[in-house]
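Okay, so chain A shows up in both of these, paired with chain B first and chain C after.
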Partner chain A sequence: MVTNQASMKRNGIQDWVSLRATALIIALYSFYIAFVFFTAPTLTYPIWQGIFASMFMKVFTFAALVSIMLHVRIGLWQVLTDYVKPAGLRAGIQYVLNLIAFAYVAVGLFVLWGV
Partner chain B sequence: MQLNFSIYRYNPDIDDAPRMQEYSLEVEEGQDMMVLDALIALKESDPTLSFRRSCREGVCGSDGMNMNGKNGLACITPLSALGKGKIIVRPLPGLPVVRDLVVDMTQFYTQYEKIKPFLINDDNHPPSREFIQMPEERAKLDGLYECILCACCSSSCPSFWWNPDKFIGPAGLLHAYRFLIDSRDSATDERLNDLDDAFSVFRCHGIMNCVSVCPKGLNPTKAIGQIKSMLLQRAV
Partner chain C sequence: MKKQRPVNLDLNTIKFPPSAISSILHRVTGVAMFFALLFVIWAWAVSLGSEQGFNDVQAIMDGFIGKFVALGTVSALTYHILGGIRHGIMDMGYWEELESGNLSANIIIGIWIVLTLILGVALW
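Coming up: the complex of A and B.
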């Protein structure tokens, strides 16, 4: 009913599913990190490095970072279309926020690479 | 006993800006009445006070307004339900004010029109007398057909405030689902096609303000969830 142009060609169903799928990964990762924090007797740098050295943790962390980026991309588009009505301003803010979200993923990737 | 009211007043022909006007009403000790009765009594002393009302028993949906911060029908909201302090009455939020408590509901009706609120049946052989439904098929319409379009729900929904031109709103979507699951309606696919975008249905984030304010006790959020499921099942 609302044209694709008005919604920047976003697909409602796809966004709805993506938000929930990424939220699940982010939630699982948060619980896992909290579990690691609360169960480890001490958290020294070597222990911390050991946790992130495993391939499982690298993949899990990277999946969480990408999920956050996708979640932010959809969620902030929804927030911005609610509150920022001038299309040019909204596009500008969206561009900057998406860049920041990408930067978080890039930094996270390089950190994981170095562990 | 004196009851105090603070009522939103705005006449665009005269006033530069809206204002709140204080009123007081003398009632017998312990007497309760509906907000609409109080407004009618206040209008006797100030005939310029404007509000809509018709059936005065919660059937027509004309007197939807915001009372102490919550939308509802003035005719079925007792003063006792609003606490002991001053009663603040404002028009339904998010809709343009025509005058005082009277709002322009064009945006609301435009969204309602979009969902084609009528039975569509393109079968080649319509029944000669009536469409027969099984009791269980008819039961699916319960909790949906009772909506009186008072706009209490849509005007309490932030998604409708921010996107009244694109988001159908809880009332419209409740009606949309009422026709989507009607066994006599054959336009399910067309109806879902019309709703399949990023705004019409999916702007609902399930905050359930609509459920909280509905004077008929209906659940638009549940109906919207069902429409989302139907759209999803069709897509996968």
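Coming up: the complex of A and C.
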């Protein structure tokens, strides 16, 4: 198996499967949120908080955020390898972007914790 | 360097095929959404934090900037999902030929534009 600096113990098949597995969760979450917006009565603070108070919604939201982090890790790597050629610069950009993706998950966790 | 090299700068003769446009749109919408999440997650966190925060976010979303960002984000998500579904179908071995690939690309771009217009009308 070819080892390159980008693999980090991942490989193409794993990326391929991860990208689709996470895409499915994110898409289902998007449809569910769209459904909630279409069917909810006029949104007020209690209703809005009630939506995210259920354990189902907390788990679904957290799963979607983790999926986004994994999806973005692969997707942004695919884009960056095509357009940013210097390895050091690309590594730096990926480091920052993946940190932002982690921050999304962390913020999500603490927000869900408090609802 | 030879001066007499063939050049083709007649831009009317150079065109991306629909499948290439579809591929680029998938990338652009993906990257755009990553940064849009900064706003989306901020708005979500603030709106769930307190009643005051909820009212603030609602006021922003009722304004032009809020609606513009919402339209852009949902439009990008719509395209990315349509492109993702097309990718899934190609994974199963369909739409991989020149003609079917370009046709499916044109169709999802068409559906995307229609859905974005509907969303825009619904928001305003």
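The rule is short, and it goes like this: the second predicted complex is superposed on the first by the 105 of 115 C-alpha atoms of A that agree within 3 Å, B and C clash if a C-alpha of one lies under 4 Å from a C-alpha of the other, contacts with A are read in each partner's own complex, and residues count from 1 in each chain.
The working rule: a residue touches a chain if its C-beta (ideal position, glycine included) is under 8 Å from a C-beta of that chain, and two chains touch if they have at least 3 such contacts.
On a predicted model such as this, the values are computed, not experimentally measured, just so you know.
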{"item": "Touched partner set for A:56, first chain B, second chain C, both or neither", "value": "neither"}
{"item": "First, second, both or neither for A:38, with chain B first and chain C second", "value": "neither"}
{"item": "Touched partner set for A:27, first chain B, second chain C, both or neither", "value": "second"}
{"item": "First, second, both or neither for A:13, with chain B first and chain C second", "value": "first"}
{"item": "First, second, both or neither for A:113, with chain B first and chain C second", "value": "neither"}
{"item": "Superposed model, chain A: greater residue contact from chain B or chain C", "value": "C"}
{"item": "Touching partner for A:81 - first (chain B), second (chain C), both, neither", "value": "first"}
{"item": "Shared chain A surface residues [contacts with chain B and with chain C]", "value": "none"}
{"item": "Residue ranges of chain C in contact with chain A within the complex", "value": "27, 30-31, 34, 37-38, 41, 44-45, 47-49, 51, 54-55, 58, 77, 81, 84, 88, 91"}
{"item": "Contact set on chain A toward chain C in their complex", "value": "20, 23, 27, 30, 43, 45, 48-49, 52, 68, 72, 75-76, 79, 97, 100-101, 104, 107-108, 111, 114-115"}
{"item": "Residues of chain A that touch chain B when the two form their complex", "value": "1-4, 6-7, 10-13, 15-17, 78, 81-83"}
{"item": "Touch list for chain B against partner chain A, complex", "value": "114, 158-159, 162-163, 166, 168, 194-203, 205, 228, 231-232, 235"}
